[in-house]
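You will see chain A twice below: alongside chain B first, and alongside chain C after that.
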Partner chain A sequence: MPTERDFQISPVVQDSVVHNSRTLINLQSLTASLFGVGAGILGLESYYGFLFYIICSVLTTLLFYVVRVAPTSIPSGKAAFDTSRYYRSPYEFWTGGLLNGLAGFILTWTLFYGLVRA
Partner chain B sequence: MAQIPVQTIHRDPQLFYWILFPITAVMILTGILRHYATILMATAPKKLDKKTMREQRSLLHGISVRGSFHVLSKKSFATRRDALTTAYESGAYLKDPERRGQAPPNPMSDPSSMEGMMGMMKNQMAMIIPNTLIMSWINAFFSGYVIMKLPFPLTIKFKSMLQAGVATKDMDPRWMSSISWYFLCFFGLQSVFNFLLGNDNAASQMAQQMNQMGPPGGAQMFGPGVDPDKQFLAEAENLAVIEHYSVLDGVEQRLLDSIVV
Partner chain C sequence: MTWISKSITVFGGLLLAHACYSAQEHSALQSLRASTAALTSPSPAVATLPIDIAVETVVATLVILLGLVLNTRPLRPIQWRVWAGKVEREGEEGFIDSSGEVSRDYIGNPFRFLETRPGFIDIRKQRKEFADWVKNGGERLGASAGAGAQ
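Coming up: the complex of A and B.
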């Protein structure tokens, strides 16, 4: 458990933390809308639509980890699936996107479901 | 238990072209308009005179010294602390030292503080006026139409919300009227604005409401009605109670520990 003193010895720059999480939120809200388009065209209803959303957004986060985080975080001595090099908490990284994109997902899901199934 | 038959309602496909797309387009365009209106209406921060600036900056100086004392050596921290505490307690940095100890002026009578309130009012107006207009526009032109079906089931409680203006008792709550499409757009268009206008846009009402929850610290600190003398005295006390240590304490040991032979 890092103490206040450890943070003073190796400080965390607030701007970088904000930038990192903002990049992730951008990606997640954009992809959530696109998943809504997909779910609408496939004609998914009720639980299947939400399941589709959860699986797809977890997959997106996983790809984000593999492509952007892992290449620099594993050589620096972190374990696999450890995001602490760039993000404060693992929960924020792995599940934060689910809520961020939900409204956009429902919007495009409803729109395309309505357009396709009329 | 008998299976409830799925309700189907045959709707004119023209509904999409004359209701759905206009509402969506108007929502997106108002968002873009609001973004640019906020940029245009933003007033440049007012130029402060020298005395006010000195008052604010010296208080910020004290706060930074308190916040990052660990990067200063003991001697230089003590020098800064003594200088700042003396100046704070004697009131050397005050804007008008002779008014020390009096009650702060009424914030409503001060013209400079009225300006800040006007800015807030303008932002509020930029949010409220378009919303009211669009709501009444939709109510006037599009009320009473059922345009879409939600892809997920809802309980009966949502019926009055989603089917406002459609007084049909047995209709499944999944069917929604044009006003509920407006609400869906209201909440869900943030990602579209992110894509169109960049991340820190002012288009979404949601984001603006978030900002209002936590007012920025700077405005609050030097806001009207705050007595700077009291702030100085409090800051002097804060500085006095700091128990100083440096990050360089024991650095040799840490360095030796980090070397693996």
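Coming up: the complex of A and C.
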């Protein structure tokens, strides 16, 4: 856990923190609605829908890591799956998307389920 | 680069729309068949989705996902020294959006106040010129100003 002293020794750019987390949240809320459309078309019900959402959300984060984080993070000496170059906490990166997009997912899931099975 | 991700997203959207329409038609057909054949078969089959529509839906979702991820903006390092080094090395080229323009909240070199400081002035020479000017009673103002400009 970094202390106040660590932040004074190696300061953090707040603008970049805001920019990075906003990029990730935008992607996650957008893709959550998309997964809702997919789950509604497939006609998933109860736990299978949430399982679909969890799998797809983890896949999104992995793909985002591979496309945006890994190409510059790994050459700069970070280990694989280490996001400390761009995000302050790994929990924010890896699991933050599950709650960010859940409402949008359920909204479009129910909508498209109702539309397709009219 | 941006047109690749945009076209991938649009292609996935077309696939998804097609899958959605197919699923809707399939369910309408199923309900029609169930209503006409309700008397002959007492337990109508549950309307499971055909495998090709399911596959198309999943593929379309993944294709759109790929397009959206490729369309995200590049990240910025959060540690000050890494970020400032990137600014120093790459300048504006390091902060180009996915749309190909320099992003609006790009503030530029954080050390630019060090690079635009005024040049040094020779204070001893100016003091000597002022002393000469005072000694001459301030008469040769234009001449000493000309000497100061040299």
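Assume the second predicted complex is superposed on the first by the 115 of 118 C-alpha atoms of A that agree within 3 Å, B and C clash if a C-alpha of one lies under 4 Å from a C-alpha of the other, contacts with A are read in each partner's own complex, and residues count from 1 in each chain.
Note that in this section contacts are C-beta pairs under 8 Å (C-beta built on N, C-alpha and C of every residue); 3 or more make two chains touch, one makes a residue touch a chain.
Note that this is a predicted model, so its numbers are computed, not measured.
In the superposition on chain A, contact is made by A:49 with chain B only, not with chain C.
Of the two partner chains placed by the overlay, chain B and chain C both lie in contact with A:115.
Within the superposed three-chain model, A:67 lies in touch with chain C and out of touch with chain B [touch as defined at top].
In the superposed model, A:86 lies in contact with chain C only, and not with chain B. Shared-chain residue A:17: touches chain C; no touch with chain B.
Comparing chain B with chain C, the partner in contact with more residues of chain A is C. Shared-chain residue A:106: touches chain B; no touch with chain C.
In the overlay built on the shared chain, the residue A:35 is in contact with chain C alone; chain B does not reach it. When both complexes are aligned on chain A by C-alpha atoms, chain A residues 26, 30, 115, 117-118 touch chain B in the first and chain C in the second. Put simply, chain C touches chain A in their complex at residues 16, 19-20, 23-24, 27-28, 47, 49, 53-54, 57-58, 60-61, 64-66, 68-70, 72-83, 105, 107. Looking at the complex, you find that chain A touches chain C at residues 10-13, 15-17, 19-20, 23, 26-27, 30-31, 34-35, 37-38, 41-43, 56, 59-60, 63-64, 67-69, 72, 76, 85-88, 112, 115-118. If you check the complex, the residues on chain B that touch chain A are 11, 13, 16, 20, 24, 70-71, 147-153, 176, 181, 184-185, 187-192, 194-195, 199, 247, 254. Residues of chain A that touch chain B in their complex: 5, 8-9, 22, 26, 29-30, 32-33, 39-40, 44-47, 49-50, 101, 103-111, 113-115, 117-118.
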